[in-house]
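In what follows, chain A forms one complex with chain B and a second complex with chain C.
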Partner chain A sequence: MHDKIREFIFENFLFNAEGSALDNDASFLETGIIDSTGMLELVNWIQETYGFEVDDTELVPENLDSVNRLAIYIDRKTQAATRVSG
Partner chain B sequence: MCGIAGITGGDLAVCQEALKSMLSMLRHRGPDDFGLYNDGRAALGHTRLSIIDLAGGRQPMSNEDGSVWITFNGEIFNYIELKDELSRKGHRFSTNSDTEVIVHLYEELGDGCVTRLNGQFAFAIWDKNRSELFIARDRLGIRPLFYSSHAGRFYFPTEIKALFAGGPLPREIDPAALDEIFTLWCSVPPRTAFKGINELPPAHWMKIRDGAVSSVKRYWDVPLGEEPLDISIEEAADGLFDILSDATRLQLRADVPVGAYLSGGLDSSITAALITKITGAGPHTFSVAFEDGAYDESGFQHEMARHLGTEHHEVRCSYSDISGVFPEVVWYAEKPVLRTAPAPLFILSRLVRETGLKVVLTGEGADEAAGGYDIFKEAKIREFWAREPESRLRPLLLKKLYPYLSAFQGQSDAYREAFFNGGLSDVSDPLFSHRPRWQTTSRLKAFFSKDLLAENTSGPEERLKSLMPRGFGGWRALARAQYIETAGLLPGYILSSQGDRVLMGNSVEGRYPFLDHRVVEYCARLPLRHKMRGLDEKHVLKRMARGMLPASILKRTKQPYLAPDSKSFFAGGKAPDYVEELLSEGSLKDYGYFDPGSVGLLVKKCRRGAASGFRDNMALVGILSTQLLHNMFIAGFEGRAARGRDAAGLRAPATAAS
Partner chain C sequence: MLVHDYLIRSAERFPEKTALVHGGRRTSYSELLSLASSVSSWLRHAGVEKGDRVAILNDDPREYISSYFGILMAGGIVVALNTDTSARTLGAQISGCGVSAAITQAKFMGYLRDLGKGVTSLKSVAASGLKPSDAGDEGYALSDLKDAFVFPPGTPARSARADLAQVIYTSGTTGGSSAVTLRHSNLAANTASIIEYLKLGEGDSVMAVLPFFYSYGNSVMLTHIAAGGRLVVNQNFLYPNLILDQMAAEEVTGFSGVPSTYAILLNRSALRRYKFPALRYMTQAGGAMPPRLAREMKSVFPDVDFYVMYGQTEASARLSYLEPHELLRKAGSVGKAIPGVLLEVLDEGGGPVGPGETGEIVASGENIMAGYWREPEKTARVLKNGKLWTGDLARVDEEGFIYIVSRKSDIIKCGSHRIHPAEIEEVLAEHAAVHESAVIGVEDEILGEALKALVVLKTGYQCSRNELLQHLKALLPSYKVPQHIDFIPELPKTSSGKIKRALLKTPSAPGSPGSIGQRSQKEAG
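Showing the complex of A and B:
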């Protein structure tokens, strides 16, 4: 999961396929990786890749603002979806 | 409107051909006539677009005894009043042109002449008795003027391409300029995109002796730091109406018909309405429409044209129209641009010319003077936020920003707050208003090659800060933001890449009633609350325009002029050949400015239509325009200069010499 998120960030926001020193805890906003218009792009990718809807109330930095936070959030959401469908 | 060029320093007998080569690159600015003057110590050249005194205004022009010679680009709108005044003092005129007025005013006041001129101008005066060249540029930077010193000679032209064609000057893109443009959206004057080539900054004059600069002076500044007038909103609106009407009346002075641009917004609607009121008839109006509905404002444009009863003309731009003219636009702009917005305006000026007109009035300058930009609202909200950190109004206020940006509006309150609070709340920072924008833009430098990054060490923002006037840090945030826009982006992008250069590329002259210095000064002295009332932008202008415009135009949400960026080059995933070539790994490596791997990923994203944010689009357009600039001005310039000389028809010059 972490690798997949990192790959997406590298290829679409950092434009660096080789991979560079991105701390999994680094804030996307504070480091400028994602700007004021970039967040929706991230949300679209999550929805398309993991097949769940990101609710408006979940659009908060606590869920989306670093590789680790994203991984935890996506994990929680996909497990919830599995429980519902299972 | 015209092109000018000249050389001084050393023996100039050998410079006649060099001067002709310079002029050959300026024929688009002056297709109607051209002239040369060379007395061995100064050589002046001129290409002319005839607008005032069609028969008598040939240049270079001199005073009665031939001791003062001028080459002049622009218009002096108060030339009739100045001529009357000078005639009463005994000056004898041999033409009815505005050019001759400057000559006599210079005789009367020397360098002080510029303070009496109401207009848009760049000129050079050769004062034979003093052996001194005097060059000057208008207050707001409407007309361009560049210069360079090389091997004991001083060269000046209206466009940089003339410098490269005329002198043995090195041609090299300045890494520091790229650093500035990819942060501030423009370079910091006097720097241009090219090493060793300077622009004379707006509101400056310069004197040159023996081929070297002997003095330079700023003769005017926007009085945004002065104590505001103590007047009501009604008085402010009435006062603005009087000055703006007079500015429009003066700018209608021409011996050819004058048209108007209509964007569908407030400012150009006011300009067109004032023309109609003054002349009693609707002018020819011209608009850009877009096939992509997200950018199209033609509904409002048609409504305004109907309201005024104008004869309306329109270009409807497709993606391929924009990518098709983009190389030419960069050729005229002579600098990298981060947006394609100049391209549709280049197509529009072509339509003006095809319609048979060569002068248009537009609404430029109103946003800067009357407080129209969203960045002003942003600064006001952030200033309020810093003062009242616990206010519950904060999320509501932030949501009022950028109503036309779906990617911004689609965010949650939490994200908007987090973005604007990212350590950027130091209200005492003189550049407070623009820091978030510049920080976002400077992320584009992630695409720079390692070599280019290594060349840039000092910050563009600090260089800009060093140009701010005394006491600037103590002004209110809105006044500071207005100043930064008026002194920076207005001349550095709006009036150049998106103004003079794309108009003159098709031999069309733009005129700007909102940039009459009396209008700018009056607006600068208005209380800030009359410009931005709460978050209602350009409040005084809307108050003034009541009864002049349809309510739908007056009350519509402000939409900035934008054009499709990456989509214009990658619609359907296939780019034009020149784009593929210049963004290929080979070209990127060869020119050396950008990292091929990073650009490759960006291109991939653009190709699949996924580049939706500002940053990706600015990066793509900025990289492509830099590659084009190198391709045309560094790698392939000689061929272009030779074609320019062949096509210019300068074989039988009208030469004046004394």
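Showing the complex of A and C:
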């Protein structure tokens, strides 16, 4: 999960730049890695890749503002979806 | 009225009133004036004289605003710079208008130190967050300013209304980056006009999300300080719901955005779940907004006045607005001239066009710039007999409402930024594999226009999209890095060798990206 998220971020926002370090706890808000339109791309990617709808109220730093937070959020949402469908 | 008088007068009238809210911190008018006075004192101590250019490279609103007024109080000219920058851009801007002092933050000191020998004008730097021991001979830690140089407020340098107050870098209508120079009188005329038609008063407070270094954000800042209002500032739009929370908590009366701001709010926020009983108006400028978005905003907030506006940096910001009650009846129009401005739509010979015919918008009024910094020829191309030829093509209906048809120049309006394609094409040309390129704006639901680079590689060379993106990112601010890159075999050109940009935007045209984009990426990959 973490690797997949990192791969998307490196591919789209860091352009696979060599030597670019990205701490899994680094805040996107503070580091400026992602801008407001980049955040839209990220949310679209999450929806397409993991097959769930990101509700407008969920677009908050607690869910999205680092690789680790994204992983926890996606995990929680996909598990919830599994429970509903199961 | 001089521009710094706004702060001095509001501090006299409302000393304890909150002028600024940012990150949970509240700054009163008297505090803001005190900080500005300290900045002014430091600048005079540093040898800054009347008419000297002083840069602000600072994303802290409290420091930005106090520096802005402090520079003017010292008789200097504000050169407010985009903090999303690169060493190359910064070097060109600082040397371009001979900046002699800068007020910044420790995090930007790396850029300033990297400027190198090409930039000789910069003598003094004050930076917040800098340890005094790191400041060096010419640097000064901003946190110490207040204690070190306390002068009584109200002793500003003797500026006149005709003196220059500000330089704003923008992608000008005539190509390349332009340094627009604005007099005190230009900014004061525009500020008074905006206050009049938005009916701003001391009871107003605005959610300021736009950067102050562009003319739209600059006008939001100036109008509220002049009116004695309150600025609630959050210039990071990554999580719009946080902005909406703050708008509700602070009971703001106004909101200003560019088309992409409203597109994001409507499509990617919980906007419809909020109620803002205090919100009185919203403004939109910075490029054409699809009427559909304006209608949607109006349907979400039927009781809030929605102002569609139009302007240029060359006009200190504002030229026209559409009365909110005409929003639906005159959808797509930018309205009529603001108070104090005359707008004409003229043909190439300078005569007025008839109703429904297309011509160029020509503006006159006290808000029109002095010119581009030390570029008389470039200035003469747009300022003729005191009138500004905007480069924007428009038609006027029988009731006098103006509709923008297209822009004469190649400037791309991407989000809140104006970008000239040449700035990106020049950097692309520096890559060893690139033969030539053309950068165009393509329609984008959120950004208005997204940047697309069409690249022709040199024969025998290979280069991937990511390699080019890395190259661009190293040399350009991130907002100038194209969202799309297509490799194409050749660029369509006129017989004189000029790129046919309009043809590149047509997907079905021969040689256009639509017809060859898919194969070329693979080939070049």
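The rule is short, and it goes like this: the second predicted complex is superposed on the first by the 82 of 86 C-alpha atoms of A that agree within 3 Å, B and C clash if a C-alpha of one lies under 4 Å from a C-alpha of the other, contacts with A are read in each partner's own complex, and residues count from 1 in each chain.
Heads up, the rule we're going with is that contacts are C-beta pairs under 8 Å (C-beta built on N, C-alpha and C of every residue); 3 or more make two chains touch, one makes a residue touch a chain.
Note that the structure is predicted; figures quoted are calculated from it, not measured.
Colleague: Identify the partner contact of A:D75: answer first if only chain B is touched, second if only chain C is, both if each is, neither if none is.
Modeller: Neither partner.
Colleague: Quick one: is A:E53 in contact with chain B, with chain C, with both, or with neither? Answer first, second, both or neither.
Modeller: In the superposition, A:E53 contacts neither chain B nor chain C.
Colleague: Quick check on my understanding: which residues of chain A belong to both its chain B contact set and its chain C contact set?
Modeller: 11, 15-17, 29, 35-37, 39-40, 56-57, 59-61, 65
Colleague: Hey, which residues of chain B end up touching chain A in the complex?
Modeller: That would be residues 405, 407-408, 410-412, 414-416, 418-420, 422-423, 436, 439-440, 443, 446-447, 597-599, 601-602, 604-605, 610, 612-615 of chain B.
Colleague: Can you tell me which positions in chain A touch chain B when the two form their complex?
Modeller: 11-12, 14-18, 29-30, 32, 35-41, 56-57, 59-61, 65
Colleague: Can you name the residues of chain A that touch chain C in the complex?
Modeller: 11, 15-17, 28-29, 34-37, 39-40, 43, 56-57, 59-61, 64-65
Colleague: Considering the complex alone, what residue numbers of chain C touch chain A?
Modeller: So the residues of chain C touching chain A come out as 236-242, 260, 264, 267-271, 273, 415, 446-447, 466, 469-470, 473, 478-479.
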